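Dropping the structures in below, format is structure tokens.
The two complexes that follow have subunit A in common; it is paired with subunit B in the first and with subunit C in the second.
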Partner chain A sequence: MSRALWILAVLMSHWRRHPMQFATLVTGLIAATALWSGVQALNQQARASYDRAAAIFGGTRTATLIDPAHAVFPQQLFVDLRRAGWPVSPVLEDRVQIGGRSFRLLGIDPVTLPPEAAAISTVGPRQLAAFIAPPGRTLVAPETLQDLGLRDGATPQLNDTVTLPPLQLEPRLAPGVLVMDIGMAQRALNKPNEISRLLVGQQTQGMRPPLESITGSTLQLVQPDAESDLARLTDSFHLNLTAFGLLSFLVGLFIVNSAVGLAFEQRLPTIRTLRACGASLRMLTAVLIAELVAISLAAGLLGLIGGYLIAAALLPDVAASLRGLYGARIPGQLALDPQWWLSGLAMSTLGALAAAASSFVKMARLPVLAAAMPAAWHETQQRWLRLQGGLAMSMIFTAAGMAWFGDSLMSGFALLATLLLGAALALPVVLDATLDMGARWSRGPLINWSWADSRQQLPGLSLALMALLLALAVNVGVGTMVSSFSTTFLRWLDGRLAADVYISATTDAQASAIKAWLAQRHDIDAVLPSGRAEVQIDGAPVEILGLADHATYRDRWPLLQATANVWDKLRDGDAALVSEQLARRLKLDVGGRLPILTPAGPWSLGIVGVYADYGNPKGQFAVNVDAMFEHFPEALRTRFGLRVAPAHIDTVVNALRRQFDLDSRQLADQATVKTESKRIFNRTFAVTTALNAFTLGVAGIALLTSLLTLGNARLPQLAPLWAIGLTRRRLAAIELAKTMAVALVTALLALPLGLVVAWCLIAVVNVKAFGWRLPFQMFPLQMLTLLGVAMVAALCATLLPVLKLARMQPAKLIRIFADER
Partner chain B sequence: MSADRRLTRRAFTSGLTSFGLGASSAFAQGFAGLGGEATGFAPVVPGRQLVFPADFGAHPAFRIEWWYVTANLRDANGTDYGAQWTLFRQATAPPPQQEGWANQQIWMGHAAVTSAATHRFAETFARGGIGQAGVHIQPFHAWIDSWDMAAIAPMNDATLAPLQLSARGTDFSYALRLDATQPLVLQGDGGYSKKSERGQASYYFSQPYFSASGTLALDGKPIAVTGHAWMDREWSSQPLASDQTGWDWFSLHLASGDKVMLFRLRHADGQHYFAGNWIGRDGKSVQLAPSAIVMTPTASTTIGNRKLPTQWRIAMAERGLTIDCTPLNAQSWMGTSFPYWEGPITFHGSHSGVGYLEMTGY
Partner chain C sequence: MLNVVNLSKTYRSAQDEVSVLRGVDLRIAAGESVALTGESGSGKSTLLHLIAGLDDADGGEVWIATTQVLGLSDAARATLRRQQLGLIFQQFNLVPSLSVADNLALQARLADRHDPAWQAELVERLGLGEMMKRYPEQLSGGQQQRVAIGRALAVKPALLLADEPTGNLDEATADDVLHLTRDLVARSGCAFLMVTHSARLAAMLDRQVHLHAGRIA
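For the complex of A and B:
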């Protein structure tokens, strides 16, 4: 044991003499762990909140029975099915308005609720009696309580008529949901003996008779999805984050790899001496591994703290993105389980070991009595290069195959992964060929030498250059995508926000009063009534938008596709414009029909156009507002827009605010809405941008450490040149030029690769993830900027070793010849 | 000993802190708080005359109640089986009865089939007021989900027969016809059954003379069976005495045609409370003196981390009875929300025959 400690002490002394190297190693580990664990923390937080949302009502994780023709069906069917041995549990659900806000009211029967339908137990111990017996309980999330502005125990009223059971805080519940006993829900919604759906439990009482034999053709079985709605919807977002995290982790490992490699290189004489002194290979390996594990655990811990800080800093943006894109609400407070810490440490340690694997293999093969001539850092191997080239080709072919045949989000991401990996693997091959070509075309011994030397240097630099390539390409790709989105979105917003002032009254009565008041004024050009309703199509909620027949829409509403005279057709009533998301999901086309069920009976709508509806998690279609109120007589008539001359907007808004005591949620002018939308949009991509910057930074560090590593190892190559008369300054300049040239070639390769990545994101990933496709646009200025940033990063990374070389003591160069090497 | 662990079929014995709903139901964990004082519920008092068929039905003024059938069955090859059908009712609030979902009755069903090789059971829950579970008096019909105990017309109110009994679980089912020629039997003192020296009691009557015939199915394979069955009807409002930890209950079909019901309510201090009735061939039910009953565990079985006395010696010197009881399947564990042991037994000694044993609170 004491021998092991002595060996450890000897090996550790290396770090004392090379604190910079130690710092690099630790930085690499910290960066890798921090980015990875930060992203994981964000994902974990969000997933936990989806579970919370899905937990209570079974979501789509439980098989359900619905009546495809009606929103509700008689409760007796529940009893009939139970009596026939079906393990069903009733749910009644509807949207309700409390104080002008919309909530989801959910009535459940806790006694028959299948255990798998309630990831959280809705009704805790000793609460059942209170929950089901009058006055009952209304379970709400803390956020809902806040939205309502009420306290635990309060009894809010629905439509000023029905009093709900006392509110009870249930922290595990999703926000925006009111949960109560089904009996109480039937009373509150005035739907006695009616239910919306039946959850089908997994526990069966033996063979259950066919559904048709019990309920006829009334009910239809909807099979469960493996994931909750939100989890599925947001998969792409999290996959995106994970991909970034993994990329950063890998780039971080590049740093670790070069730091460990350098340390190993420099400790070779020590190791040889230790072996000669009698330390066994096994003992040495064990001590080296122990050393690395200890360092990686310590660095991993620091990385985790960094990850926590990153996650905490990004969480508000992630929360905003998820709310903006998917309507998913996640709490702003990070809560991490021990698993997160453990997996972070494991990643750090395993990553470090993986990064050091090649060094260990090398040591195992080191002959004890061989001359202490350190191998040239990663000796060039044409064979290896050919192999790598073949691998890269097959990766790129796979990517092409995915682009051609793939039809899912996963295949989209796989396409990106294979493409990037293939390109990274191909990089050394391409660089080697370029340098070879340069050597053939050049004259003069010094130029020829520097081409050849660059080629010789390439294997050592290639990992860092790959990191640079990946970071740059992803930056270009994501930057192009975000910018494409940004321009499209802003243009779309201009068209979509057609009215100048938006009003959402609290009640129909107030809406009438406001309209009457507006009619008296002369500065109002037009009042545009609008309506909102919701229907279920294929089990998913779809919004209906009622549009007034007005020139405002004809002129400005952004349509992607339309028939001739689209607005006339819409005015006639039985026609609809569908959102792009809905059209993609239901495979609808202009000229097709969309049958829906309304409170006034079935309604078959002809599809006359498709419009972009960026950022809306729900499907949507627009119909004429009058036709909508015919079919949805109960729909609220509280929303409308105003056309007002720009000069009068402030006057009108202020007058309205004073007259009707409207707050900012109920009254907004176009500029405010637009600003708010842009703010949400910017936050949505803030995370991506931040991670992008981190990745580029880490790639810069990788380049720096690789060059530092090479700097020392390459002295034997440079010393002879110095000896034959090249000044140190000249040598340093050549070094700088060489590295910058290689970095430039890499960055130039990254640009087209980045555009391909952007195309994949826009044409494949976005369409699958969000349901909309953006027009692809190029942003040359942005690309140039990025190129500049990359070159500056490369310059910074090169400068330190080059300056070191320029100022190197001649004695050190002479020693190269003196040393026994 | 937590209150939850004591629950049993003879539910009030447990204080019926609940029927307990275990991990098998989302609602399960919520059921516990129903115990407590019986304020507002009807008391169990001596001297009440049980009336049929009215007392076949539910007594919502009382807190807890059950319809309980156990059957000792045998197939054509001589293989023994047992079957259990139980419907529990518990009120979450005293009368008056509420309509629809507001109804305060919670129903629980347990069913099981036991053979020497296997023990299968199932459990289900329902709310009152909507038709998912309940009991009709005329024609008699007790049900929960697809499990039924129903009169086969014309039913005799004096014998509560013939009945059709059926239940099914994931891996078993049965359908039995129950016939009886002898009238119902009042347990305890004319139907007033004391559970402790401090006045805890229930109303309790039985039909121990059922002959059963029908079909069991294990894993979908039908087996024709015949045998004896025993029905218990019991209702009460009062919880168990606080120092009573559990219960060992026997129903015995003696080969002679006599029937015996006896139980031991275990006290923490070892001063157990014994009670029972000897029911003659002629239908005459005689209460047994507590001192005349000797129940001695002779062997035990470990199930999970519980140790249960599954073999017993029962002695009643006055009746010249000394028997050794052996379970058909020592692993007759009802792993329901409220777990307990319930299974068929055979006995030999001065008398021989078959019966059922129930043990709770272990």
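For the complex of A and C:
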């Protein structure tokens, strides 16, 4: 044991003399762990909140019975159904105000609650008595407790007469919800014997009589909303985040790999001396691994703290994205479980070991004596290059195959991964060939030397350059994708928001009143009635949009594909325009048919066009509004749009607001809707952009640290040149030019690679993740800017070691020259 | 102490084969000091490496006391080296990131045989007292070589192998260092095999052997 400790001390003494190298290693590990664990924290946070959302009783996953005409219905229907053998359980829901804040109050019946609807065990047999018997309990999430400003056990006042049952903390509940026994809820809300809906359990003991025979046509069965299973819906978003986290992690590992490699190389004389003095290879390997594990645990811990900070900083944006894209709510407070810490440490340790694996293998293979010559590491360079080239080729072929045959989100990401990895592996081969060519074409001994020297330098630099290539390519790719999306989205919004003012009345009666009132005015150019309904197709709910036959749509509504005279065909009734997402999911084409079941019987629609519907998680199709009401007589006629000359919009909106007391959800002008949509859009990609910038930053660090460590290793090559009469400044200038040239070639390679990445994102990943495809656009100015940023980063990274060289004491150079060490 | 029997070694590379040792026989008794001479490239360093178990031979035997070195595993060779051998090379003798004091104690600590009194005596006689806190790069070539000798002797090895230990030194210093080494070797009673190009230094040892055409003449 003491022997192992002594060997460890000897090896560690290297770090004391080379703190910069140690900093490199630790920085790489911290950066890798921080980015990865930050993203994981975000994912975990979101997942946890989905589970809580699902834990609202019967929130999304249970079939329900509702009265389509009224908000509540008599409790007697529950009794009747229950007697007839239906496994139903009553729920009363309403919004309440406490202390100026709005909450959802849910009354449930724990006795009849179907087991699959009760995701919370608190209302199990033991707590049952306390829950039901007066004074009862009000279950709340910790956030709700905070919002209320109350403690566990407090009894909030609903109004002058009503006091709620004592609060009880239930961490698994979603925020903003108060849950209590239905009897108490009925009293609190002053709705005796009334219920909002019935949850229908899955257990089917025996036959249940048809619904109509018990309740007549009062109640309607609503199947569970397959698409509101948030965890599934948001999977693609999280996959995106995870992919980014993984990429950052890999870039971080590149740093670790080069730092470990250089440390091994520089410690070879030490290792050799140790072996000559009687330390066995096995012991040395064990000690080196122990050293690495210790370092990576410590750095991993720091990285986790960094990851926590990153996650905390990005959480608001992620929350906004999820809300904007999927309507999923996640709380703004970060809560992490121990598993996150452990898995973060495991990642950093395993990552470090993986990054060091090649160094260990090399060390084990080298004979004791050859280990004395660092050159031995480079001797195999050509063979490595060939191997790497082969590997790169096969990766790129795999990527091509994936692009051709792949048909899922996973294959999309696999395509990106193999493509990027293949390109990274190919980079040193390409650079080597370029430098070789340069050397052949150049004249003059100094220039020739500098080409050849760059080639020699390549193995030490190539990992950092790979990191630069990856980070830049991903930046270009994601930047192009986001910009393409942004341009498309804005153009699409212009067309899609065809009307100038949007109204959504509360009831049909109010809608008629508004229409009558509008007919009196002459600053209204047109009223465009619209309708909405929902049908089930393949078990998933699909929205139906009723469009009026009006020039507005003919002129503005953006179509991706259409038959001739598409709007005339739509007016005729039995035709539909389908959204791109729906078309992709159901594999529908223009000219095909879409049969649906409506309350008025089956309806077969001819598909006459496909339109873009960005940002809508649900499938949608549009039909003529009159035809829609024929087939959905019950559908609400509360929505419509107005065409108003721009100058009159404000007057009309204000008059409507005053006249009918409409709030901003019921009445909005086009500009407001557009602004809101853009805001959501921008927040959606804020996370991506932030992670992008992080990755580029890490790549910059990778370059700097490799150059710094390489700077020392390269002195023996430079010292003789200095000795035969080149000034330090001249040497430094040559060094600068060489490194910048290599970085420039890398950056130039990254641009086309980035475009390919963008294509993969747009044509494969987005299509699978969101269901829409964007037109591919290039943004040369953006690419130039990125190129500039990369070159500045490379310049900064090069400058430090070069300045060190320019200022180096001649005495040090002499010794290096004399000792060749 | 040392018995080399019919040792042969050929370096093979993709292009050609170099047969360096072709049946070397050599025997050194405990307490005996032997000088190994031969022209450059004759295989002197190779022979030393094989004896120390740093490389594999193609045939023959190397016995140190009662152990056949060539048959041992890497771990067993390592044990043998730290317990029984002291090595001094032409270059790369010291750990650059350790102070002189730590370099001196390197092998003794590995062998768990650190003897402060003996080390103090070595420091004193090698004249290293002033520079214990310095690092190798702050020493001259001769000073570095003296630290290497001190490190090898600090374990009181049974066999001391030195590869041109005084190659970097001027005549007077070289004589000094060799005198010292011989003294210390005599006191610890170990066998001593030293490679040298200098006939004068070779003459200072008990016996001389000459390596030529892959054999000991």
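Note that the second predicted complex is superposed on the first by the 541 of 821 C-alpha atoms of A that agree within 3 Å, B and C clash if a C-alpha of one lies under 4 Å from a C-alpha of the other, contacts with A are read in each partner's own complex, and residues count from 1 in each chain.
Following the convention adopted for this analysis, a residue touches a chain if its C-beta (ideal position, glycine included) is under 8 Å from a C-beta of that chain, and two chains touch if they have at least 3 such contacts.
Remember, predicted model here, so these are calculated numbers, not experimental data.
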- Message: For A:434 in the superposed arrangement: first (subunit B), second (subunit C), both or neither?
- Response: neither
- Query: Just subunit B (first), just subunit C (second), both, or neither: which does A:270 touch?
  - Reply: second
- Task: Please work out whether A:83 is in contact with subunit B alone, subunit C alone, both, or neither, and reply first, second, both or neither.
- Result: first
- Item | Touching partner for A:115 - first (subunit B), second (subunit C), both, neither | first
- Query: So, does A:193 touch the first partner subunit B, the second partner subunit C, both, or neither?
  - Reply: first
- Message: So in the superposed three-chain picture, is A:133 touching just subunit B, just subunit C, both, or none of them (first/second/both/neither)?
- Response: first
- Give one of first, second, both or neither to describe whether A:182 is in contact with subunit B, with subunit C, with both, or with none. first
- Of subunit B and subunit C, the partner touching more residues of subunit A is B
- Message: So in the superposed three-chain picture, is A:75 touching just subunit B, just subunit C, both, or none of them (first/second/both/neither)?
- Response: first
- subunit B/subunit C common contact set on subunit A: none
- Message: Quick check: in the complex, which residue numbers of subunit A touch subunit B?
- Response: 75-76, 78-79, 82-85, 109-115, 117-118, 121-129, 131-134, 181-184, 186, 192-193, 203-207
- subunit A-touching residues of subunit B, taken from the complex the two chains share: 23-34, 92-93, 98, 100-102, 104, 106, 122, 124-127, 130-132, 143, 145-147, 168-173, 220
- Message: Under the definition above, what is the set of subunit C residues touching subunit A in their complex?
- Response: 49, 52, 54-55, 74-75, 77-83, 85, 87, 89, 91-98, 102, 106-107, 109-112, 135, 137, 151
- Note on the structure: The answer for subunit A against subunit C in the complex is residues 2-3, 6-7, 10, 13-14, 16-18, 269-270, 272-283, 367-369, 372, 815, 819, 821
